[in-house]
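Think of it as A, B, C and D in the order they're written, each chain with its own count starting at 1.
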């Protein structure tokens, strides 16, 4: 589903966030992206999402170079990707229901469908009682879960979750990870950038480790780090 | 240093975030605040910080009811508290150096002192190379560390860190926690709201567990939860 | 565009007006004031032009026939005058009519002229109006050369000054309305732009969630149109009431100064203001969104 | 306030102007346009008042003595007139001077009056000017009752109309400038308020970091003052150049219509505009901050 060939990202201020990464992610994969703070995990996700464009190299999504998506096509690319942003990015003036429903709204889904799908997804992440609340009125973990609900509600073929459990307690974290794994089992490709070493270690999925923008490890059934 | 007597916080929309909490935190304490997502940890911190006012009950800081701080005194209260916000709250149009220096600036510190203190603190959190960068240009973990640097730079008598390691890898997380413990050993009272069960368990400090706004456990040398 | 989308667009527009309450009111305020200023200038200009027209149309050439001319020759002269290029109308004023007119123009002092009736030295004349004020001097020269014409008179310097002044007033009017339009457009567009500026964050997120530019912009377009139309209607209402109050007062107070009381042009202005408000609102709201869509 | 703080405040103000580049320019644009509109209205009003003054000062009362009055009584009457309350000046106009004046006012048609010289029926008169136009009718009545006065005349209806019109013009002027001031203040304050609106998040954070309200507001105050002063200076410069260009053109084109070319009042307006800009900028920037400080 995703191929990266010698991808580098150098920001305006000269920071080399991603450095010559070559990576293949087949359809149906479940992949943990790990690495120390500032290793380039979020930047790598943004390259797939076309939030940033690669300085060098090629990023292919469904065999098409994402840099080739122009103007009107960019939204079509993004509708294929359910993104859990590290900084949440909830719409501040919409309540939880409308925030989650927004991804359905943009694809022109009718109100009936929205009214059916959204509550179901909110229930999955444990926010069934918060649908009328605005982002500002939510706790950190609740915002994070709203963000996860929004990413999965329109059943995209790819989900990228950037640190989806950073504000969640261990129990909820595990629930969320099981949810993602469940979605993966039904055919969705899932990429999770995370620092939750305990979960990574217990789930035994593919692990790609980044360090200073480079892939330093890529193991099937891997662990958070070699030593453990 | 902090006394809470039967404190409750009910938000406009009827949510009872903190429910009849009585809690004493002596000067020099190191306290972990734990509990599931939405338990009321952040709200409790905000009550001390006077970001929110208690609906019922009294919150005393240095023996003075925080509700009694009016107008011009509120800043004086806040200068005594180094706060690591769960949502960071970095000033978007100032670079890291100026963000961290701001807490010194507001107390009227001279430029010479700022130029001396800030780089030292940035080094402690590992951001010595990022001082010219703006919040938008930082990774999630880097923003979090900038926020921690800002909270400790003016050596306040109380530090409240709300989920300070949610975006940090295990190694950096441990470094930050040791830093906080170090600061605590020099006499600063430290409150850490966190989900990092591994760190809580290994550090064996006082643990206050919240659930649905109520204190359900308060143990010296406690653990993240009873079962482990 | 399905019905679902359409209701979504309108719901969004209205709830955004509601959520951005203060910004909406501030924008409407600015729209009202800008359009009021523009509308008032337009009304002033219309009245100035109308006054200029009145002044100009009162510029006439007096043609005095030779004293020894016969009655029939005099008539003939009148007919010939009508054929001169640029002449609009010709009116015969007899010696006694001239005295009447003179007395009239004296107003309260007219008894000073009482003695004149017995030996009226005022000659007969033709009063010639030209099609356009700029033709006066040319026509006058032509007439002077005609047979049977003793003397031609028109307010030489005065006419030229008047003409200058009225054409100035017209030009100044056009410039004023143009400048005011630019100012109004700038003010309204800037205000709306600012209010959208504060929503940059939202717009970018929507783009990240796979919304098309069109999808994001339509509610802004509608919102701006609603704001602009509302502002336009309020300012036209205020202008209408204010202006008609003024017209009533002025027209009854000064019989010699009559304001344009109504008519096509003024209605056009009122309709134009509402349209202008709606258009700047709609376009001004959807254009600035563009710069935040490039993510 | 230490030097460190002072430099901080100024550094903050300037770097904020720089960082909020677009908002700063938009605000300056709005300030310039608002002050230009206000300034132009003020100039129009000044000129209208000046014109009104000229018209009013030309309103006189003609006092005609009884026909059988002696030379010395006539002189005496003149002296008495000077003592009437409200009278500014008294001028004797003999019968022949009156005819001259009349002829003059006839302009090109004056030969029509040629016959009058032989039997001049125009009486001698005193031309009385009053201190203030509103006194004309009162003074005239008083004079009428004086001994030796045959008749008093002043342009009854006309004078009253003129007075009405000039006092109207004055009032309308005051109203116009007042309305324009309100509009300018509203426009500028709203714009600056909006630009601060988009910085709500920053202001709140500063408050959470222990900054005092004063500390947060001073840079906004300075920033607004800089914006306002800059906008004021630009608009005054434009107004100065534009107005003087206009005065030159108009005063040379129309000898009968003279614009106020300079003087104290106009300088006051220019200085006033810059001050107004600075004040609204400074106050308008620091007041709206207040609502975000309540955290």
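Assume a residue touches a chain if its C-beta (ideal position, glycine included) is under 8 Å from a C-beta of that chain, and two chains touch if they have at least 3 such contacts.
All of these numbers come straight from a predicted model, not from anything done at the bench.
> Please identify the chain with the largest separation between its CA centroid and the CA centroid of chain A.
D
> Using CA atom averages as chain centres, what separation in Å is found between chain B and chain D?
Taking the mean C-alpha position of each chain, the two centres sit 62 Å apart.
> Would you kindly tell me how far, in whole Å, the mean C-alpha position of chain B lies from that of chain A?
28
> Taking the mean of the CA coordinates per chain, how far is chain A from chain D in Å?
67
> State, to the nearest whole Å, the distance from the C-alpha centre of chain A to the C-alpha centre of chain C.
Chain centroid spacing, chain A to chain C, equals 62 Å.
> What pattern do the touching chains form: line, ring, star, complete or other?
Its topology is that of a ring.
> Determine which chains touch and list them pairwise.
A-B, A-C, B-D, C-D
> Any idea which chain B residues touch chain D in the complex?
The touching residues are 49, 51, 71-72, 74-76, 78-79, 83, 85, 89-93, 102-103, 105-111, 150.
> Please give the residue numbers of chain D that touch chain B in the complex, ascending.
2, 4-5, 7-8, 16, 19-20, 201-202, 205-213, 215, 295
> Could you pull out which chain C residues touch chain D in their complex?
Of all residues in chain C, those touching chain D are 22-23, 26, 29-30, 33-34, 36-37, 98, 102, 107-109, 112, 114-116, 119, 121-122, 153, 155-156, 161, 164-165, 168, 183, 186-187, 190-191, 193-195, 197-198, 250, 253-257.
> Can you list the chain B residues touching chain A in their complex?
Interface residues on the chain B side: 11, 13, 15, 34-38, 41-43, 86-87, 132-133, 137, 139-142, 144-145, 162-163, 166-173, 195, 197-198, 224.
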